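Take a look at these structures.
Across the two complexes that follow, chain A remains constant while its partner is chain B and subsequently chain C.
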Partner chain A sequence: MLEIKEVSKSYGGKNALEGVSLTLPRGEIVGLFGENGAGKTTLMKCVLGLLRYKGEIMLAGEPVGRKNLARLSFATGEHSFFPALSASEHRDFYAMHFPAFREKRFRGLMEFFGLPMNKALRGFSTGQKNQFEVIMALAQGADYILMDEPFAGNDVFNREDFYKVLSGILEPQETVLLSTHLLEEVEQFIGRAVLISRGRIVGDASAEELEAQGRGLLDYVKEKYRYRADRVSQALSELMEDGE
Partner chain B sequence: MKKYLSVTALAARGVVYKLLGLTLLCALLRAGEFWLRLRAELKLPEAAPNIQWLLNDSRQSLIFGICFILLYAALCTVGLHARGGHPGYTLYRLRVSERVTAVLWAAVFAAALLIFWAAQAGASLLLCRLYAARVGAEAYDNQTFFVLFYQNRLLHSLLPLDETSRWLRNFCMAAGLGLSASAFSYRQRRGKLDYPAAAWGIYAAFIFPYGTGSFVHDMLMSLIFLFAAGISLYRIWEGGCYEA
Partner chain C sequence: MKLDLSRYFPVGIERRRELRRLLYAALAALLYSMGFLVRLAGAHGELYTELRDGTRVLIKGAVAEDFARLLRGSMIGFWVMAGAALLWASYFYGYHYQGSRSIYLMRRLPQRGELHRRCLAFPIFSVLALLLLMALTTAAYFLIYMSVMPAECVRPGQLGRLFGF
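Up next, the complex of A and B:
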């Protein structure tokens, strides 16, 4: 279990996270949603120890550190791979450094996306780089896979197919924390939705709870963010008045 | 052992083509400049030019210095966080700690500088051969080139013969610059731009041919670059999070 307790983080006096508490049991697929600058990326980086923070982040009862860091993997739109290496070189390198590396999964996903094995990654398209980033996060053998906007730049067919494949390949002990703006695309895929806004958790509901309430993810998000359905018409009418 | 070799190989791969390219470029520019001067001198009715005068009046040190700075800059860019990727997120999670990785990379960078110097010393010997082939045997004797490597500041610094203090200075310089370049990259991944580390390369390129035959100068320079090495090691040891 990954426990995030009262985590706060500020950048030069500006709060990015304020007392965030969250528990991620093993085997869940959790969607992390929020507007730009809400704190999604900051939260993930705090979990990985990439950023200093106040509070506590525990993995199976122990603080996240060098000893247990390999149990977490990270796929980021910033790309964490080595641009000069090819996919096969990455496979060999990661297999050496992550003992639980899943060779079979790596090969399967490479074939699924049709990525070249022997071309340096700097020669990949943005979409291919994103796909490779996700492949490496899934193939490391980590128990907790953090994905931060992993499919920005990928076409809708690739994304949808990938979610289906992901649902099929994940093992019961694997947890995915997926940050994305693409609510409708992941609605069928996630088991839980966590909403973050201005550095605070503003909503946390499982798919079952939402289903029992007869609400869709989008309605839930709109409600939590106090979305005003009339804001577009109001803005348009104000603009029209100004024009006159 | 393999895990250490694998991270060392990352730096070696990042350096090898830049080192080869700049070594060749520097050697070709030096040869070109020398050839033009030699040809111009040979057209004159006077006796064949003295190689020592030719080299002392040349821009060999300037060409060498510029290529040296370019090489140092190239070393500083290995492993940087840039648009192409953020490899630090992976380096941070490997079985080899990122600090140890940074020190191993420093060793690679120092080796790259020593190889560059050795190659330029070799290129200087080729210039001597070119001179011998063009001017005829009457213009030089058995001692000419041996003496040249004592009297020309750049050549003597590249191949200090029995001047132990200059060998020591060169090794200290390579160690100091290797660690500075690695510390630059290490800190840039944490959002800190280490301008003093960058300045060491310019300083080294400037002073490289100076102070030949001065034991005190060489000892002082050795101490200065050991100091640079110490500062860089401290900055790597200090570590810190990926705040940017």
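Up next, the complex of A and C:
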């Protein structure tokens, strides 16, 4: 279980996270949603120890550190691979540093996406780079896979394929925390939705709960963000009045 | 046992290119230091006078310029290059932000110190190699000085003066 307790982070006096608490049990696909600058990326980076923070982040009862860091993997839209290395060189590097590296899954996903093994990553298209980033996060052998906007730049068919693969290959002990703006696309694949706004958790509901309430994910998000459906029509009518 | 050099460079960096750069830096410093040989030739020439028939004879009582004085400034190239080699470390750290954020992967590795070993090992080796080359060059120049200068013109305690005592 990954436990985030009262985590706060500020950048030069501006609060990016304020007392965030969240528990991720094993075996869930959790969607992390929020507007730009809500704190999604900051939260993930705190979990991975890439940023200093106040509070506590525990993995199976122990603070996240060198000892258990390999149990977390990360796929980011910024990409964390080495552009000069090929896919096979990355495989070797991961296998050397992550003892639980999943060679078979790596090969399977590489074949599925048809990515070249011996071409330097810098020569990949943006979509291919995203795919590779996610492949490495899935193949690292981690129990908690953190994905931060991993599909930016991929076409819709590609993303669709990927969600299917994701839900198909994950093993019961693997948890995915997926941050994305593409609510409607991931709705069918996530088991839980966590909403973050201005550095605070503003909503947390499981797919079952939403289903029982007869609400879709988008409705839930709109409600939590107090989205005003009449906002656009009101603005348009005001513009029309100004024009008259 | 063969030393795996790749463990001491950032992942994906061209090791040969970096080694070549070190070689060029060392050659540049060495070339600059050769100013000493020019000054040595000049100081050596000042010990002699030319007779009317063209023969060169040692001036009676002539004293050779001290080795330390002739060497002054010659080794600055090594110090400059050694300083620049330290900047290599920031280049290596910065490399992990180019084209991607491979810094995230390096900082997530379970092996403590992997990132720092890869970013610091070569710059530190370079500094040490340049300083060693400087010491060897100084020793070689000292031998040249002692063999070229007439013994009777060389003041005793040359090494002492070099190290400032």
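The working rule: the second predicted complex is superposed on the first by the 244 of 244 C-alpha atoms of A that agree within 3 Å, B and C clash if a C-alpha of one lies under 4 Å from a C-alpha of the other, contacts with A are read in each partner's own complex, and residues count from 1 in each chain.
The rule is short, and it goes like this: a residue touches a chain if its C-beta (ideal position, glycine included) is under 8 Å from a C-beta of that chain, and two chains touch if they have at least 3 such contacts.
These numbers were taken from a predicted model, which means no experiment stands behind them.
Enquirer: Overlaying on chain A: chain B and chain C, fit or clash?
Expert: Aligned through their shared chain, the two binders clash on chain A.
Enquirer: Looking at the overlay, does A:97 come into contact with chain B only (first), chain C only (second), both, or neither?
Expert: The answer is both, since A:97 touches chain B and chain C.
Enquirer: After lining up the shared chain so the two structures overlap, which partner does A:74 touch, if you call chain B first and chain C second: first, second, both or neither?
Expert: The answer is both, since A:74 touches chain B and chain C.
Enquirer: Just chain B (first), just chain C (second), both, or neither: which does A:7 touch?
Expert: Neither partner.
Enquirer: Just to be sure I read the superposition right, which of the two partners does A:186 touch: chain B = first, chain C = second, or both, or neither?
Expert: neither
Enquirer: Tell me the contact category for A:52 with respect to chain B and chain C: first, second, both or neither.
Expert: A:52: touches chain B, not chain C.
Enquirer: What residues on chain A does chain C touch that chain B touches too?
Expert: On chain A, the overlap between the chain B and chain C contacts is residues 48-50, 66, 69-70, 72, 74, 76, 78-85, 93, 97-98, 121-122.
Enquirer: Show which residues of chain A lie in contact with chain B when the two form their complex.
Expert: Interface residues on the chain A side: 11, 45, 48-52, 66, 69-70, 72, 74, 76, 78-85, 93, 96-98, 121-122.
Enquirer: Name, in rising order, each residue of chain B that touches chain A in their complex.
Expert: 2-3, 6, 10, 13-14, 81, 84-90, 92-97, 241-243
Enquirer: Residue numbers of chain C touching chain A in their complex, please.
Expert: 11-13, 98-105, 107-112, 114
Enquirer: Tell me, which parts of chain A touch chain C in their complex?
Expert: So the residues of chain A touching chain C come out as 48-50, 66-67, 69-70, 72-74, 76, 78-85, 89, 93, 97-98, 121-122.
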